[in-house]
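In the two complexes below, subunit A is the common chain; its partner is subunit B in one and subunit C in the other.
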Partner chain A sequence: MSTTIERQWTTRLRKRATGKLPPEKALPDTQPAYVASWIYVFGVATIASFVMVILSGFILALRGPQWWHVSSVGHFVNSLHLWSVEILFFSMVIHLWGKFFMAAWRGGRTMTWMTGVVTFLVSIATAFTGYASQTNFDSQWITTQAKDGINATGAGSFFNVLNLGQMLMWHIVLLPLVAVLLTAVHVVLVRLKGVVPPFDDKTGAAK
Partner chain B sequence: MSKKGFRPDVDAPEYKGHYAPYDIIKEGTIAIAVVAILVLFLSILFGSPDEPSVTVKSWANADPIDFATTAINEMNGSSITASYGAPYNTNGSGQALGPLKLAQWTGVTIPVDPVKDFVLDPLASVPNDSDLKAALAMWRGASASQQTTWVTNYTNADPKMTFSNGIISVPATNVGPLPKMINELTEMARSGALDQALITGKGGYYTTDYTKPLLFIADSGYLPNLAQNQHLLGSQWGMMNETNSYPGQAWLWLYTFWYQVSPFSSSANADVQVWAVMMLLSVLLLLVPVIPGLRAIPRKVKIYRLIWREHYRNS
Partner chain C sequence: MAFLWSLASLISLEGKGHYIHWHFIYLSVANFIVILLMVLVFLAALFVPFPGRASRKESK
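The block that comes next holds the complex of A and B.
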């Protein structure tokens, strides 16, 4: 019986997950003393603003894509969405450059770096489809200009920026799903590997 | 890790120092609260822009001559859409990246025939206008060379086009049914009927696809003029700008930067070239950890000493 349980996929997955990421590592109550700089704030600020982007997006989705044009409340929620996005990118770019100058890929953290970069690129695409879905002059101009760039690569055949329905679906379903998954993987990798230690002067690494 | 095999840009030293208390849940909660307050503050203070969309109706009423000129440009093949190529039609070669004609690789997948879709089909949907029906019959019954002669004569005269009492006029002869057709199309546009004809022209009530009306409006001189007033043109770094001086997509600064400098600023293939440059830079950014020269930059520029200054002071 116990052998049967031990060989279950579920048991194996749980053991593997808790072995790699035990609770005290997933939700730590201490951290290395070198994690003491303002630059670390921008990682958590990126996640916090991402939460705000999703919450404000949820509210906009409740009443549909045209609501914010005809309602002062809707317009205000759109403002919350816009400024959340601006803070998201501001935080994310500083986080990215901070991690670059810390060489945060060291010590087996290459995948942490790569998932971060891909999340950044996916966020750009998500923001673009949002601008394309505004249903106002801005979205008209942005899409009619962007079509040339996308058509020049051949991608315009299946990614038609002039198709509002397609852009809206990408913006509120497909790309957010990818962004959330990538962010989750990125955060889990950070917890798995921990925060990269400083260069060690004694080994000559900092010379 | 032995010191001998230690690669400073790949390996991390083992940390044996002090650990400080850290409340990750409290930190996350405070971060969300602070960002929420900041977002609220910015939203109350600045709001967000919302310039109304341009309709074919608003365009044709604001500038009927520009509308009529654009319509004849669709017919003479000189408009952007009429000479575009893939994915809309085969009237242009599209852009190429050296020998790679990427724009053509999937062919015509979103067919747009400007003469048929923007002019003839909408006019054919007008009911109870025998003169218009006769004009369309005359057009369809004419040979291609005859049609070309009419369009050329009309196009040559369109700099002298006038709009008075709701009528578009051009001082031209041997133009066949074109004056009637262009005038009716302008009237249709000014009434708003052309918006609907372009949106639901292929049948069906519901749609979310605005490809055809957007292409038609984008062929105008009207839309770029509005965009220029909002500093949104490519030459104005418009890709990262937003209407009414809002921050916009500032993160696209590097993408739009390339359009401002040679050779891209004067290249007929700028879109695909800039895309290729950005793809290359994105891949380089992704692969920084495995590219020897690049991954050594942080260690050499030593900005990390500023970031971890407390650690180095205490160690």
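The block that comes next holds the complex of A and C.
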């Protein structure tokens, strides 16, 4: 009986997950001393602004374009969505610069770095489809300018920036799903491998 | 609310935008200011002391 339980996929998955990432490692009480620097703050600042983007996006999705174009509260939430994105990219670029100059891929952190890179690219695509879905003259201008560039790559055959419905679906369903999943994997990898130490760290953690 | 309107009138959004054009580099002044701010914040993040850093090092 116990052998049967041991062979269950749920049992094996739980043991593997808790073995690799025990609760005290997943949600640690303390961090190494070198993490006490402002440069380490921008990763979590990016996540905080991402949460604001998602929450304001939920409200915009509930009420729709007419609401965000005409009502004062709609204008406010629309602006909240835009400025959260601005802060997200601002923080993410500083996070990227910081990690690039400390070579954050060291010590077996290649996948942490690569998931960050792909998340950055997905965020650009998500922001672009957002600008294309505003339903105003700005989005009209952006999409008519972008179509020639995208058609020149051949991607226009399945990614039509002039198709508002398609752009909106990419913006509110497909790309956010990918961005959230990648961010989750990125954070789990940071927890698994630990925060990259500075070059001059003498504790032996740096590799 | 009137205060916010007066703030908005500080920058005129009428007319043509301002651009920086140097060889192949062509970007709006607004984007240039944002890039400049990012560089400043990056440098500040490197050099501004983090609260409680000294006590953490001591406790370690």
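Please note the rule applied: the second predicted complex is superposed on the first by the 199 of 207 C-alpha atoms of A that agree within 3 Å, B and C clash if a C-alpha of one lies under 4 Å from a C-alpha of the other, contacts with A are read in each partner's own complex, and residues count from 1 in each chain.
Operating definition for what follows: contacts are C-beta pairs under 8 Å (C-beta built on N, C-alpha and C of every residue); 3 or more make two chains touch, one makes a residue touch a chain.
Everything numeric in this text was worked out from a predicted model, so none of it was measured.
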Which of subunit B and subunit C A:Leu164 touches, first, second, both or neither: first
Touching partner for A:Thr4 - first (subunit B), second (subunit C), both, neither: neither
Subunit B versus subunit C as contact partner of A:Ala33, first or second or both or neither: both
First (subunit B), second (subunit C), both or neither touched by A:Ile94: second
Subunit A: partner with more touched residues, subunit B or subunit C: B
First, second, both or neither for A:Ser72, with subunit B first and subunit C second: neither
Shared contact residues on subunit A - subunit B and subunit C: 33, 36-37, 39, 41, 93, 98
Interface residues, subunit A side, partner subunit C - complex: 33, 36-39, 41-42, 90, 93-94, 97-98
Subunit C to subunit A touching residues, read off their complex: 34, 37-38, 41-42, 44-46, 48, 50, 52-53, 56-57, 60
In the complex, subunit B residues that touch subunit A: 3, 6, 8-15, 17-25, 27-28, 31-32, 34-36, 38-40, 42-43, 46-54, 84, 86-87, 94-95, 102-107, 109-110, 207-211, 214-215, 217-218, 223, 226-227, 230, 232, 234, 238-239, 242-243, 246-247, 249-252, 269, 271-272, 274-275, 282, 285-286, 288-290, 295, 297-299, 301-305, 307-312, 314-315
Sites on subunit A touched by subunit B in the complex: 27-37, 39, 41, 44-45, 47-49, 51-52, 56, 68-69, 75-76, 78-84, 86-87, 89, 93, 98, 100-103, 105-110, 113-114, 117-118, 121, 124, 127-128, 131, 134-141, 143-145, 148-149, 151-154, 156-158, 160, 162-166, 168, 196-201, 203-206
